[in-house]
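Taking it in order: structure first as structure tokens, then the write-up.
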């Protein structure tokens, strides 16, 4: 049973390989009457596209979104919305050298063994290019959330050992798009940029962390007992290429805290139930409690490096993977819109699911 | 759309509240011909049950599993397997004081607002008691995995600041059941036990980490692009009460690593493809690669403490939650079988899903 | 992938075999705040139970429903509702003679070959006893529908060659429960009863038709393009044991009609859009149009007859199936509440699905 | 919750409106390693396309299928297969006159009320044009079935009152494509053709029946208790535009049969279990028994007629729907490949589902 569909009510199915004719997404379950702005979709795709700055791959892709169905006179009709993005810069020859070789920490071997056949060009379906389809769908999810006043902000808070030294609630998310790192702090961004360029010079790559902050979420999103809101967020994030970890609220740091310290006391602020602290990360028992939701996503260093690596080919023979092509030295700047898109898909899905609770 | 079902092919639905007549699970999709041993189910339930040691709650529950369907003459028939566990030690009066009060960091408020009605006795459905049903289902999943030689071991590797100082591959999992902490190292377990007792004396609680290690997994489990094996594991773990974070393989530590260091080189060892290192945690591109799978799960401190806490009631008035009842000072010792059960459910589901890949 | 779950939002999973400890159903997705009356559930089960009249099997089953979860102080809580019915009159010895024999037109052979194991006692899971669980779930669905004013009426309109000679819109459904046939016309019922008794005397069985009529359905139920309201009704009906056909609105008779005759003209009656005729059966393009929905369901004669039949056993050897036991000469009188239950499940599911359309 | 997805393991999602840029389908769950022949897909689409004969609409559509993903070097890769068909002959002006009018027995009104917005051009998504996407997906399903030797044949067996007078097992399906009616009997086809032309001359339309016959189906397809093979076939057929009824095996005629007459006796023919008669239609207890599967599908007369009809517009005012455009006088000749496609989708889905039974 294949796994290219995400969501229960707002349900997306992505398709397409990095070097086939194109990639796309079908959204089934978008409510009717949503104003769909193709320019907003395009803007989100541009945030993800390669070649946008010196810290990203130099491949150029236009990633132009075309809506093929489900929108009539600027509004969603309740019918499936299909969005298609043609592949343009497909230098297939770049990949011929890896047809038989299993690159370290790539999906080459497992696809070969699982399916007995593999579209090896550029990683095929395992390429992060697939996430462009998610970003397009996420843009529509955001349009729905905006109608409810819900805002999602993600930003880079760590690159290698360089960490943004700020409490999540003190971050000024408006800063995120002011630098090419997408770190919501200019000064830290500069340090991160310098570090990435240093790593790049070495032909190497580096990991990072993206933090996400969601405000104005109504009470009640999330479904006991398996589809807890944070469980679905975790799955969404871990489904993004190169992600290795997820924590929400106090996360891993809660491990060494005591209950008396960690518990978020209730307060009635002018008729509004709030908590003094927010270690819960806006979610209790898997259900949003109205406080800001926040979480961290850990990204490993990109596996494609500009150095020769010893490996094995599909015949089991020793071979060398040489460092060719154009790749990101650090994936997090371009992954910020992807994190936001996946978060938006989860939130909008649960927003719709909540409608049938009572 | 409710969320009490987990899995795609091996699909479980749990039901029941902590203080209703009982809890249970229906497994739909268990293949026919599996030998089902009720004693093994019972043994797993006993690992999870309250009152088993001085570091757990002193509530006594027998948690006796009854198979109601789907097993004939000791074998699964391919029909739904229903397992039921009667609630016995239901001191409902213990909970009357919280009928109107929103306990800090509990699900009281969100259930009230979401559903407009709440079975407040002992947390009702939001109680960790629900996980007994998962453990019962997980026991059957393990029976299937054992037939394939797949082994799942979980153990406590951190309590508060006390951390097991061992590489995951060096852990002797056979040690786990030799102490009441379920830490796979006797010496560390002793320190953890002392610490938990100290915390308990304070009427407080403490968090912890459970690590899980899965071996003999065949190549090919996990479905691109959303149902990556680790994405489903993440969701499974985050769906467990009190879990705040998940990381697999190198996890959050990968963030500060370079690609040249993090990449797992392929080797051909006597015809077997293996990797020199295993930062990938046995999963590449979301698909198992045959190497050991491992991950960490962060648990927050239990929210119920034996201290008075300021809170708010359902009318929005200030109120006090007094520390009564019998609860766990640290949840991780009893959560070990739950982590194993959820892992087993994910692995068996993907094992079955793999059958239709080609 | 097993098939014991029905519905998308109001989702039921049934379990249990005819001669195991009991049967049951878990309803996931019942909205919170529904008044749940156990007596109403019991009343529906009593309409379905064996031994209720001389035209049904003489087996006695009490079929007492127990609610195990999801209802608190008489109201649904939004949590899974589990209903359990113990098996009482399990004369397992009655079935020992068929352990190895494949009864004609039963599921014995196919279960054996499909699963390699079979709970042969009374047909196990393939027994129509399973439908009691559906009736219990359908009773809760009806409680929700009643709140919306939607009414579902089914009745027997044909037994063998004896047909109720009335237009569907002229039927007085209140008559249905006034006779043991559940034919909404006393005179025809008497003829049907005489005929069934005649067939029974021969040790034989006979087929029949149940018609169903649903009124006060709002405009908009049904989802293009696959989950058309009538497509889901068709599946629901065909999933009932012994059903061989389904038609809605004009049904098979539409085949020889011309478009000019068959088209339902729109009329504006005091601001209410209605159609002059209703060949559409209240559904257009798969979506309810506010007019009465009606359909027919064809039931074959029960396969268990009181005559010896030549057959083959599991070894492929010729054998004789002797006519023993207590069975229905005609299934339709007891199937009326089953048809209503399945219809209610479909309608309530689509009523909830409609909430996320716009 | 929208309904544009069909199938559990071999799962298709269709998208696109009749007068938008195009229509398409994404197939998720096609096993890897299937030889995919674009010409075969095209051939099936050509059987469905308008303008192919004098008994069909004179609209010309090329319906050229383009594979956008999931096929590499002629083989399926296990990744989603996306097939796209551009709309060509979109005379949108033809439909401007119905923007505000509710055509009798069309989906205009219900779409308007359900979604509050409607792509009125040519029926938008409710147009039978959507079924081209199903035919494309069904062609791939057939490729898989052919590998297993399973053959699906459908043909027109009734048009208006003209009925093919043959037992289903005596039909020579090879005849179906020899006439423009797709009736598997030349003589009857001629009568049907004459009758359709007569109806067409009147500016009217007529209904019909398509019968379907499936051979070489292995024992074991179909899942108790809801996803019975015939229940899924019923849903599949009723999801096709203009279908009003479904019956399998003895169908509605079983109603007046006795059990002793209707039961299919088992025979051991050279080690092969077969039944003397096949009133069961190859399915028992919802599971295929190896005998031929057969069923009938009733189609109503097409709602678009070349006559003026009184109706109501979206304002509730009386209006006239004038008979314009180019439409089919009888839908069944072009619906034959659609019935086959939907049947193929059901069979292949259950063929894959069977792999996880034991």
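Going in written order, the chains are labelled A, B, C and D, and every chain counts its residues from 1.
Operating definition for what follows: contacts are C-beta pairs under 8 Å (C-beta built on N, C-alpha and C of every residue); 3 or more make two chains touch, one makes a residue touch a chain.
If you're wondering where the values come from, they're calculated on a predicted model, not measured in any experiment.
Trainee: Does A-B or B-C have more contacting C-beta pairs?
Mentor: Of the two interfaces, A-B and B-C, more C-beta pairs touch across A-B.
Trainee: What pair in A-D, A-B or B-D shares over half of its contact pairs, by residue number, with C-D?
Mentor: A-B
Trainee: Using mean CA coordinates as chain centres, what's the chain A-chain C distance in Å?
Mentor: The mean C-alpha positions of chain A and chain C differ by 46 Å.
Trainee: Can you give the whole-Å distance between the Cα centres of chain A and chain B?
Mentor: About 26 Å, centre to centre.
Trainee: In angstrom, rounded to a whole number, how far apart do the mean CA points of chain B and chain C lie?
Mentor: Roughly 39 Å, centre to centre.
Trainee: Any chance you could list the residues of chain C touching two or more other chains?
Mentor: Answer for chain C, listing residues that touch two or more other chains: 1-2, 4-5, 8-9, 14, 29, 32-33, 78-79, 114-116, 125, 224, 356-358.
Trainee: Spell out the part of chain B that touches chain D in their complex, as residue ranges.
Mentor: 1, 9, 29, 31-33, 78-79, 224, 352, 355-358
Trainee: Across the complex, what residues on chain C touch chain D?
Mentor: Residues in contact with chain D: 1-6, 8-9, 14, 102, 104-107, 109-111, 113-116, 125-126, 130, 158, 160-161, 199, 202, 204-209, 219-220, 222-228, 230-239, 241, 244-252, 254-268, 271, 273, 275, 279-281, 284-289, 298-305, 307, 309-312, 316-318, 353-354, 356-358.
Trainee: Please name which positions on chain D make contact with chain A in the complex.
Mentor: 1-2, 4-5, 8-9, 11, 13-17, 20-24, 26, 28-29, 32-33, 66, 68-70, 72-73, 75-82, 84, 114-119, 124-125
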